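In the two complexes below, subunit A is the common chain; its partner is subunit B in one and subunit C in the other.
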Partner chain A sequence: MEFAKLCSIFAAGLAMGLGAIGSAVGEGFIAMKAVQTMSRQPGSAGKIVRVMLIGQAVTETAAIFALVVSLILMFQDVTGDFVKGFTFIAAGIAIGFGTIGSGFGAGLPGGAACEGIGKQPENADVLTINMLIGQAVSQTATIFSLTIALILIMLEPRSGIVKICSILGAGCAIGFGAIGPGIGDGIVARNANLAIGKDPANMGLLTRTMLIGQAVTETTDIYSMVVSLILIFVI
Partner chain B sequence: MEGITGQELIKALALLAAGIAMGFGAIGPGIGEGFAAGKACESLGKRPDEANLITRTMLIGQAVSETTGIYSLVVALILIFVV
Partner chain C sequence: MESIGKVAVQTITFLGHTISFNPEMLYMTWLVMGIIIIISFAATRRLGVVPNKIQSIFEIIFSFLEEILVSTLGKKDGARFVPLICTLFVFILLSNWIGIIPNLFGFLGVIIALVHKLFGGEVTVVVQDSITNLMITPAAGSWYRFLFKMPAITEPTKYLSTGLGLAIIIFMVVHSFGIRTKGISGYFKSYLEPLPSEGFWLYLFFLNPFFYMNIISQFANTLSHSFRLFGNIFGGGIIIVIVSELLRYIMIPVGLFAFFGLFAGAIQAFVFTMLAVSYIAQQK
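Moving on to the complex of A and B:
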């Protein structure tokens, strides 16, 4: 088997194995909070289960991105030389590590929504809306990783040790760089959702502040993406 | 892969280091800024009339947390373009 195909299959395992971590932990967190809340408020069980399932479905997106990249890496026809193999490994690192933060981060507001519904079941709609906004923003980190991973898979690199290292560097930059902002965005959304659960009258103010806070948290991920793109296209 | 000069090897490893510097460097600021904004949201829920003060302090706190991320970016750019 040629080297590029070997790398492609190895990267598929890397992408899905690492990519499953974050989403699984995040979904477990939502379920944990849902069960805790239900034990206190068994009457609201129906609403809690509904929000739990919606929240878990959105949390799953990060792992689905990893699955898509993994399937592409497994079944594509690989033509390329020695250097092409390293683009696949870099893509696997980018999407594998890149999904950890967003998967876990998206779980945090889901847990807060379940807690809030336990306290005041009539707030279910407001909490679900804010949960979905917060989760969507915390997915951006993974979407950046997905973009870079797809660019890397389609890249036709020139040969040489310099290009190999720049490609691996690009994968590391966006892969590890997406962990922090993904979790950070989730923490912001969680606290905003907890506050809305206590007093839904402040929802406008809290959602606005949440989005500002998440936008600032996202900046380091944007730096990582810029460094990745420089390493891919400029070097 | 034969015939790699020392100069090429230095350049190659500098580029790999740039990626690692920016990647790991972004983890801390991301989580830290999330904490700052999260606690700001919590406080806003309790005292919505102090929104201006809380938002201002949140942004200052996040800007300071951001500095290490900017250091990583600067180091990465130096490793890419200067080394």
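Moving on to the complex of A and C:
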């Protein structure tokens, strides 16, 4: 087999193996909060289970992104030289580490929504909407990683040892850079959801502030993406 | 698929300098501006106490943004920035949403060309790797050939230039507002924070590490402001292109269009506008 194809197979395992970490922890967190709340409020169990399942489905998005990249890496026809192989490994690193933060972060607001429903079951709709917005914005870190990973898979690089290093560096930059912002976004969304669970009248203000806070939290991930794009296209 | 990471570039020579620009982005920016002008004209033509549909949409956006501005900047300064912030929001929102329109002209051209071939016209059809991926070239003199040359509709915000241009406008507004409210000395002293700006601290400002950090953070704000919009829209566009390619264009990924086009587009338009408001509010 060609070197590039071998790298592609290895990167598929790397992407899915690392990509499963974050989402699994996040989903477990939602289920933990749901069970805790249910033990105090068994009457609203139906609503809690529904929100738990919706939240878990959205939390899984990050792992599904890793799965998509992994499937592309496994089944695509690979043509390319020695350097092309390293773009696949870099793509695997980018999406694999990139999903850890967002997967865990998306779980945090889901847990808060379950707690809020335990306190005031009539707020279930408001809490679900805010949870979904918070989770969707928490996925931004993974979406940046996915973009870089797909660019790396489709890239036709120049040859040379410098290019190998710059490609691997691009994968590491966006992969590790996405861990913190993903978790940070989740913390913002969790606390916004907890506050809405206490007093849903403040939802407009809290959702607005949550969005701005999450956008600023993602700034470091944007720096990672800028560095990755420079490493891929300029150096 | 080959188009990822590449932009169309057209160069012109003007007074001995070569200027290169992106024609797609310019077409799309003018298209968005034209749509906004037409819709706003239609909305304000017959203003009524009881608003009609289009007027009420504009009133919702206006009152929503005005309320936020007045609560963060105060009544006088807030009212001054309402036109800028509303225009920014409507422009970015429409720019992000326009990408969900499929390539109608190209589709129409393909249909007409195929019908033309059915009746014996001179159309070359090359089947590429699958039956849904056809390469169709009409004969040189046919009347519908212009449909193949129309640019595809893409988001102007997909290119970094749009986001950077808007962020630079906000940068200039923020700093001119800062000089206007604080005066030049007050504006300069704000860069020495959190250390005191009196006595020898003022004269030895170049020894103050926060002076350099504050300057860098102003540029970092503008950089992240523009890249946030670009990264989200560009990333969504790339994901849609690659998923469509994997599906061989048999299916349109409607869910992805709804998420990246409508939802993420609206969120990013709101976030860009609100960050502009908070940067302005920092200078107060």
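One rule holds in what follows: the second predicted complex is superposed on the first by the 235 of 235 C-alpha atoms of A that agree within 3 Å, B and C clash if a C-alpha of one lies under 4 Å from a C-alpha of the other, contacts with A are read in each partner's own complex, and residues count from 1 in each chain.
Here, contacts are C-beta pairs under 8 Å (C-beta built on N, C-alpha and C of every residue); 3 or more make two chains touch, one makes a residue touch a chain.
Everything numeric in this text was worked out from a predicted model, so none of it was measured.
Colleague: More residues of subunit A are touched by which partner: subunit B or subunit C?
Modeller: Looking at subunit B versus subunit C, the one contacting more residues of subunit A is B.
Colleague: Just checking: does A:231 make contact with subunit B only, subunit C only, both, or neither of them? Give me first, second, both or neither.
Modeller: A:231 sits against subunit B, while subunit C stays out of touch.
Colleague: With both complexes superposed on chain A, which partner does A:223 reach: first (subunit B), second (subunit C), both or neither?
Modeller: both
Colleague: Applying the touch criterion given at the start, work out whether A:82 contacts subunit B, subunit C, both or neither, answering first, second, both or neither.
Modeller: A:82 sits against subunit B, while subunit C stays out of touch.
Colleague: Looking at A:43, would you say it contacts subunit B, subunit C, both, or neither? Reply first, second, both or neither.
Modeller: neither
Colleague: For A:17 in the superposed arrangement: first (subunit B), second (subunit C), both or neither?
Modeller: neither
Colleague: Scan A:147 for contacts with subunit B and subunit C and give back first, second, both or neither.
Modeller: A:147 contacts subunit C only, not subunit B.
Colleague: Once the structures are superposed on A, label A:136 by its partner contacts, choosing first (subunit B), second (subunit C), both or neither.
Modeller: second
Colleague: Would you mind listing the overlap between the subunit B footprint and the subunit C footprint on subunit A?
Modeller: Comparing the two interfaces on subunit A, one with subunit B and one with subunit C, the shared residues are 212, 216, 219, 223, 226.
Colleague: Write out the stretch or stretches of subunit C touching subunit A in their complex.
Modeller: 1, 4-5, 68, 220, 223-224, 227-228, 231-232, 234-236, 238-239, 242, 246, 259, 263-264, 267, 270-271, 274-275, 278
Colleague: Can you name the residues of subunit B that touch subunit A in the complex?
Modeller: Residues 1, 4, 8-9, 11-13, 15-20, 22-42, 44-46, 48, 51, 54-55, 58-59, 62-63, 66, 69-70, 72-73, 76-77, 80 of subunit B touch subunit A in their complex.
Colleague: For subunit A, which residues count as touching subunit B in their complex?
Modeller: 82, 97, 101, 105, 160-162, 164-166, 168-188, 190-192, 194-196, 198-199, 202, 205-206, 209-210, 212-214, 216-217, 219-221, 223-224, 226-228, 230-231, 234-235
Colleague: Tell me, which parts of subunit A touch subunit C in their complex?
Modeller: For subunit A paired with subunit C, touching residues are 72, 133, 136-137, 140, 143-144, 146-147, 150-151, 154-155, 208, 211-212, 215-216, 218-219, 222-223, 225-226, 232-233.
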